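To keep things clear, I will list the structure first and then write my remarks on it.
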Amino acid sequence: MTALYQVEDLRVDMQLPGGLIPFGKPPRLNILEGISFELNPGETFGLVGESGSGKTTLARAMLGLVPATGTLRFRGAALTEAGLRRGTAMMFQDPVASLSPRMQVGAAIIEPYAIHRIPKAERASAADLLARVGLPPALAARYPHELSGGQARRVCAARALALNPALVIADEPTAGLDVSIQGDILNLMADLKRDRGLAFLVITHNLSVLRHTADRIAVLYLGRLVETGPAAEVFARPLHPYTASLIASEPDPDPRRRRADLAIRGEIPGLLRRPSGCVFHTRCPLAVARCRSEAPILREIAPGRSLRCHLAGQDTTERTPT
Amino acid sequence: MLTYAVKRIGLAVVILFTVMLAMYAMVFLVPGDPASLALGPRATPALKAELIARMGLDQPVQVQVWNFFANALQGNLGYDVWSKKPVLDQILEVFPNTLILGVVALGWALVLGVALGCLAVVWRGTLVDTALGILSVSMIAVPSFVIALYSLLVFAVWLNWLPAVGAGTPGDWGSQARAVILPAFAIGITWVGYLARLVRASMLEVMGANHIRTARAFGLSEARIVTRYALRLAIIPTVAILAVGFGAILSSAVFVETVFSRPGIGTLITSAVAKRNYPVVMGTTLFMTAFYLFVVTAADLIIARLDPRVRDVFRG
Amino acid sequence: MSSAADAPLRRPMRLPRLGPMGSTGAVLVAAFLLMALFAPWISPYDPLKLDVMNKLQDPSLAHWAGTDQLGRDTLSRLIWGARTALGIALTSTGIAGAIGLVLGLIAGYGPRWLDGLLVLVFDSLSSLPMIMFALAVITVLGPGTATLILVIVLVSIPGYARLIRAQTLTLKAADFIQAERTMGAGPARILLRHLLPNVVGPLVIVLSMDVPVVIMLEAGLSYLNLGVKPPTPSWGNILYDGYTSLRQQPVLVAAAGVPLVLSTIGFTFLGEGLRDALDPRLKVRPR
Amino acid sequence: MNWSTDRRGFLAAGGAFLATLASAPKLAWAADGSTLRIRVTSDFQVLDPFGEIGELDDIIPRMCTVTLCRIPDMREGHQVVPYAAKEYEWTSPTTLAFSLHDGLKWTGDFGPVTAEDVKYSFERIKGSDSAWAYQFEKLDHVEVTGEKSGILHLTEAFKPFEVIALPYYGGHLVCKAATEAAGGSFTTEMPAQCGPYLFDAWEQNAKVTLKRNPDWPLEKPQFDTVEIYIVTDDQAALLAYEADAFDFTRVAVASAADLKANPPEGSALIEAASTRYVWLTINMNAEPLKDLRVRQAIQYAYDGEAVLQGAYGGLTERSTGVIQPGTPYSRPANKIATRDVAKAQALLSEAGAEGLTLNLYCTPDSVSLATAQIIQASLAEAGITIEIQPTEDAAYWALGDKTQGEGYKSIELVLMNFAGGVDPTENLVWFRPDQIGIYNWSFFDSAEYEELYQKSLTEQDETARAEMFHRMEDLMEDSGGFIFICFEPYLAIHDANLKPVILPDGHPDPTRFTAS
Amino acid sequence: MTVLNVTDLRISYGPVQALRGASLTAAAGEVVGIVGESGCGKSTLASALIGLPAPEARVSGRVEVEGRDLVALPETARRAIRGDRVAMVFQDPMTAFNPVLTLGEQLVDFQHRLPAPKAEKRARAAAMLARVGLPDPQLALRRYMHELSGGMRQRAAIAAALLMRPALLVADEPTTALDVTMEAQIIHLLRELRQDHHGAIVIVTHHLGVVGELCDRVYVMYAGEVVEEGTTDEIHHDPRHPYTRALIACDPAHIAGRVERLPTIPGRLPDLTAPPPGCAFAARCPQAGPDCAVPPPRVRVSPTHAALCHRVRP
């Protein structure tokens, strides 16, 4: 099976803002490096990381919104603007902000047709698109700020569906939603995946979102992929100490299962203070001297599972308090 | 802070250079040569030749430009085509008058504007607030030179309370003070309105901020919250606007000084325009631009002291 | 905290609610616009018609505002003065607004180096004290309506361009523009269909708040005889005529101030009203 | 409406508290007779007599240096009286002998004022490119006969020489040693002074202060200090005068009627004819004006009465030339004296010049603008459209200047005025053919005129001279290059206790002001 | 000892009835959770607990802290209690501190009730910062807020609240602005601090995980009312109110293993300008019947457990 989207050795640098005048060359800051993974058709791929890990930048790089080096292939071929734009769609973290504020919902969701000059015959109506995400047609006359959080997400989903893409990238699809509505959106995504064979790239810092939706997940730390693998396996047996800490850090609503111990200390260092060697060594409970000097590479340690750690394959679950 | 200051000052210098270049380039838009144009009636060829030589207008353009910059950096803004006095001397001679006018105008505007702004905050939402709002906007709207003219007519001519022209006798503080009242009133009134609006808006914005709630949650007295927590932030936009305002006030001084025949930068430049005394026009404009940049830069540095977030923006 | 869904339906394109101040402004502005537009029909006399035998008359039934030092009907001149003032103000702010809009969009959306260059030019231009720069240009080009418009356009562009640039930079990073890019929209579509409608609002507010500044500048320069040329009626000229004829006919100087003050108040009120209604956080720098 | 009465009425009712805020009332001179405050319209530029230009340029040397003789107040005739000259005598029609007062001495160790200084002062201007060279056109040389005595030798008999050359401008003496030390000329700083007053302080564009010269040997001037205020705007000056900012100021013609009717308390008004003559230049070299009929159409369409009423408040009469009316030399009448719009239209259509549009240049002062606007309106009735181009001083003077490019050939209409001299030739000199491209902006090129001018200089018979002048002005009018407008009335207001001295060109002579 | 006793607290902003008769208590040494979704009135309640309701709010009922009613007291007296007997940890530590004053200046200011020299206050502040786990507290005192990381800010906010050893500490969404690893650390810190803090702690949150990890007792709020109260264990393992049940069911962290469809609560919050006379949750409740149109009774299930519902039987 060919991968739907293949990322190989992706690197993103960003220019720091200089003064008001560009004196000399402004400094460049490395955001992402050595990112490699593939996305298969019809699967939900979860990308997890804390704020500052570069996950949103990765999504933008994959959509060609930020300049990047490395190889990106969509449907087996090098990225072409048209192929990418028609084959993928993005759902943004803040759905209201991702809708043009002076455009009615109806116009906004058929915007992709207008952009790509799709003949009328091949277009779905706004009402139809709204129906696909379970919204009444009357909503087409509203403006974005008149929508509730859940409605706005559905509208964005409707817009994403317009061109029948193969891949939808969803950035924090449940951020800011109450738990009672969260499920709604996740269920909608599951339905779309099932009914339309859509692949999803779900970007989140919230592991619990991925637990029930993702087929495979990748863990990002300070611009480096530290672990990838099938969701169930990663949740059950995280190999990277960071992954393990993330999972262990999730607060448990059951008072009877309170953690006795802290899974991880300290904070993610700023991008300007990227540690040498393994980027995680400053917080890693297992770090050894080698971790401080030598950067590990991302290696496949089992079929479908990759890991960026010198202490590869060590089972870290034992350490993980439950 | 040092990096920020260096960058901010560097920016001001670059802007000043750009402005200088632009002002200089305008000379070449003058039809005919500026020297003889300036000398006017009954001017002798010898005078013209002398002027051309002194202004360096017989040199190639690039030499002229170079000379201009080299001179300007040494504080030499060229020579008045008539009096042959250095332009800078003329400017420095009258500048104190304009400066006094600006400071007095902005000063009384600041006192009254801040007071009205605070009143509006205190009585927020009441009829007083609405009335103050309309009053402030009206003050902003009325052109200062119209106020100047009418106040001249009423207070100087009709009532004869205050002098109608001039800046008072040098050395006589009383007469200088009396001479500055009407022009400062005319220029400042717009700024009473601006500042009242601004202070009201920024006070309301700051008083609604989360950290004010924190300070309240820790039981700090309202007086302490206002003076230590709110004012320091609310003052920032005021400082920024005051700097810009100083530039604007010096600009409106052109009209008001003319109305009151008050010696100053404004009358210097208008009389120079009338004589097409371009070196004076250019020199004055450059000087005021430099002064404006100085004030704005100083204000930015003050703001950076008041607000640590600003200086760190440049840290990179 | 109530969810957005509970908010009453609001249409952003609907005419803004101006409040008492804005409405007063709108009425005044409308009155002056009508006056300017229909000046030939509503002014009782030819504003250029001299009648030196009847100069400096007191207000009467024949001449409601009296006559000036050349016997021209003051009321007619004031009405035509509205045409001059608003004509120059609307033309110059219109041109400056349009150029500022384009330059601001270019600076905000274009390449970095161009942005840097444009910002430097904007900063430099706006560091020049407005009236002094106007005087410098007048020195070079000579006074007149065209010079006046040129000067106003030149000094106004940076303000508008910087406003538009700032808005564009904010919007450029906004999700909905990013969303457009992910959908494959080209720069033209993003600029015209998505950025433009969102930046014109603030621009219109700032433009309307600048109109009184321009009216003031025109009147001020005309007062100094550096603005529009006589006999074209301008409130500034009339004010100067009134000033010079002060002892003989105080009505003239008083009459010229009335439309000048009312129109600047009208536009300022309207601008403030628009701002309060549409974009209360918009900061307008005084000039 | 009566402004002054209202004001006083208000003050009376306004209470004593407000009155204390008001300016001090005008004091009698006896109480503080030490300072004289006069107002002029613009700052000085060049104090060297060689390069003097404006009013204050003339006033300051008058106060800080001396002339051999001086002319009296304009209201008291033109007979010169000796001043720095102790002895002053026409020893022949071409020789004027003088000796200088003892005790006149230069400041700064430059010693006494000598005949050598007189020689230097006059001969350096004679034949030079100074604007005042014409004053000494008939001077042959200055013979120094002693330290303080000498003889002025003229090339031919020319009595007006003493009026044209000696009392002002180039007639101011400079110190030879000091001027040479300063490089042969100076601008704003006088290297040596010898007059009744000494230059004390200069606030540019605001004020010049002069103090009494303690070493002055002649009649002591009345004031210890003279302050000269520079206020450009006539109206501002009048307001300031009313607020007691100065004791003497010229005022705008427009204010005359009202000032006469309601003079400010304790003030006196000077109303006199001045030597400043106003005319409209019609450039016959400009393409649309080459046809005499077009120029005459303008002369016919011009509404002289409206200008006199509208711009000059009826205070003056139409002039018949450039020679002051009321003198024996003035022409009795204009040839085209009454307005005839129909005739103008006929001339235009004859010339095929209907729908003509012309530029009219003028300086941007209120009188000129009013005049221009009336001309504009009156020509409009004949179908000529006028675009008024108010032009600032310097640019204005460049209009007809051939050193400024080709523009002088094509300027169309210019509203001009010159301050005239005492002798008619001083006013007629500017219209000679060699003045084309200098001050003869009409391109008036008449050999007969030049011939008459030369003859008039030396003609001693008044009647014959008058004949010549009349003919010259006829020639000017016939050329269609001129419309004579008027001689501007001179108006000034001053403290009633003050007795000012105004020279014929309208410049005050503060050294001779007295107060009671 | 009961530190906090809220009785029938009602707060409205104009027509919006944000809080409709909430009653709750907290004792010294106890951590009480207030949990609910957006719009349930929990933030309004939190503000009222420190005697700082929004200026336009209309308040009735009683909020007694150590026996003194914050609602009835004049503002000066309330202010004397704030920052001394009650303190608050705000949701967003970035905006909760003044951006132009250093952390040290503010922490010294917050001890204004303490009659001690400035140096001593500074030392106390440093000690407290050290206590909440800030490395190099002396340096931190000289820092401005934008120079601190998110985790450090939240620790500083907690330190500030504990400076005066208040009898009641209210923490409004103390972990919402944080990443999961930081959240865990803050939870851990609060749990540690309760050992040596003898007052009551009230945690206001929408996150059931935080409640589970931290609280002894919980009040569940819906549409301005406390619909269920009980020990954390009772609420988690024996929820009685249909809303509590639905809420717990929705939490993906609660669902062991992988499910195809996640549970949700259909419908939306009632309009709080005209709340239904009966049960506010009835419209969304699967068990609702006609009797739900009248106000439901507060049914006591155990000495510590009660629910506001017609369907709950003791």
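Points to keep in mind about this one:
Just so it is clear, A, B, C, D and E label the chains in written order, and each chain counts residues from 1 on its own.
Please note the rule applied: contacts are C-beta pairs under 8 Å (C-beta built on N, C-alpha and C of every residue); 3 or more make two chains touch, one makes a residue touch a chain.
Computed from a prediction, not measured in an experiment: that's the story for all the values here.
Note on connectivity: the fewest steps through touching chains from chain C to chain D is 1. When chain centres are set by their Cα atoms, the one at the greatest distance from chain A is D.
Distance between chain B and chain E, defined via averaged C-alpha coordinates, is recorded as 53 Å.
Chain geometry summary: the mean Cα position of chain B and that of chain C are 22 Å apart.
The mean-CA centres of chain D and chain E are about 91 angstrom from one another, to the nearest whole unit. In chain D, the positions touching at least two other chains are 3, 239, 364, 392, 395. With touch defined as above, residues shared between interfaces to two or more other chains in chain B number as follows: 11, 14, 157, 258, 273, 276. Chain C has residues 3, 5, 120, 123, 243, 246, 250 in contact with two or more other chains.
By the touch criterion given at the top, residues 31-32, 36-48, 82-85, 90, 93-94, 152, 156-167, 170, 258-261, 263, 267-268, 271, 273-277 of chain B touch chain D in their complex.
Of all the residues in chain C, the ones that touch chain D in their complex are 48-50, 52-53, 55, 58, 69-71, 142-143, 225, 229-231, 240-241, 243-251. Chain C makes touch with chain B in their complex at residues 20-21, 120-121, 123-125, 127-133, 135-141, 212, 215-216, 219-220, 223-224, 226, 239, 243, 246, 250, 253, 257, 260-261, 264-265, 267-269, 272, 283, 285-287.
Within the complex, the chain C residues that touch chain A are 3-5, 7, 9-13, 112-113, 116, 119-120, 123, 174-176, 178-186, 189, 193-194, 197-198.
Note for the complex: chain D touches chain B at residues 3, 6-7, 10-11, 14, 18, 21-23, 42-46, 51, 53, 128-131, 187-188, 203-207, 229, 231-233, 236-237, 239-240, 242-243, 245, 364, 392-398, 401, 403-405.
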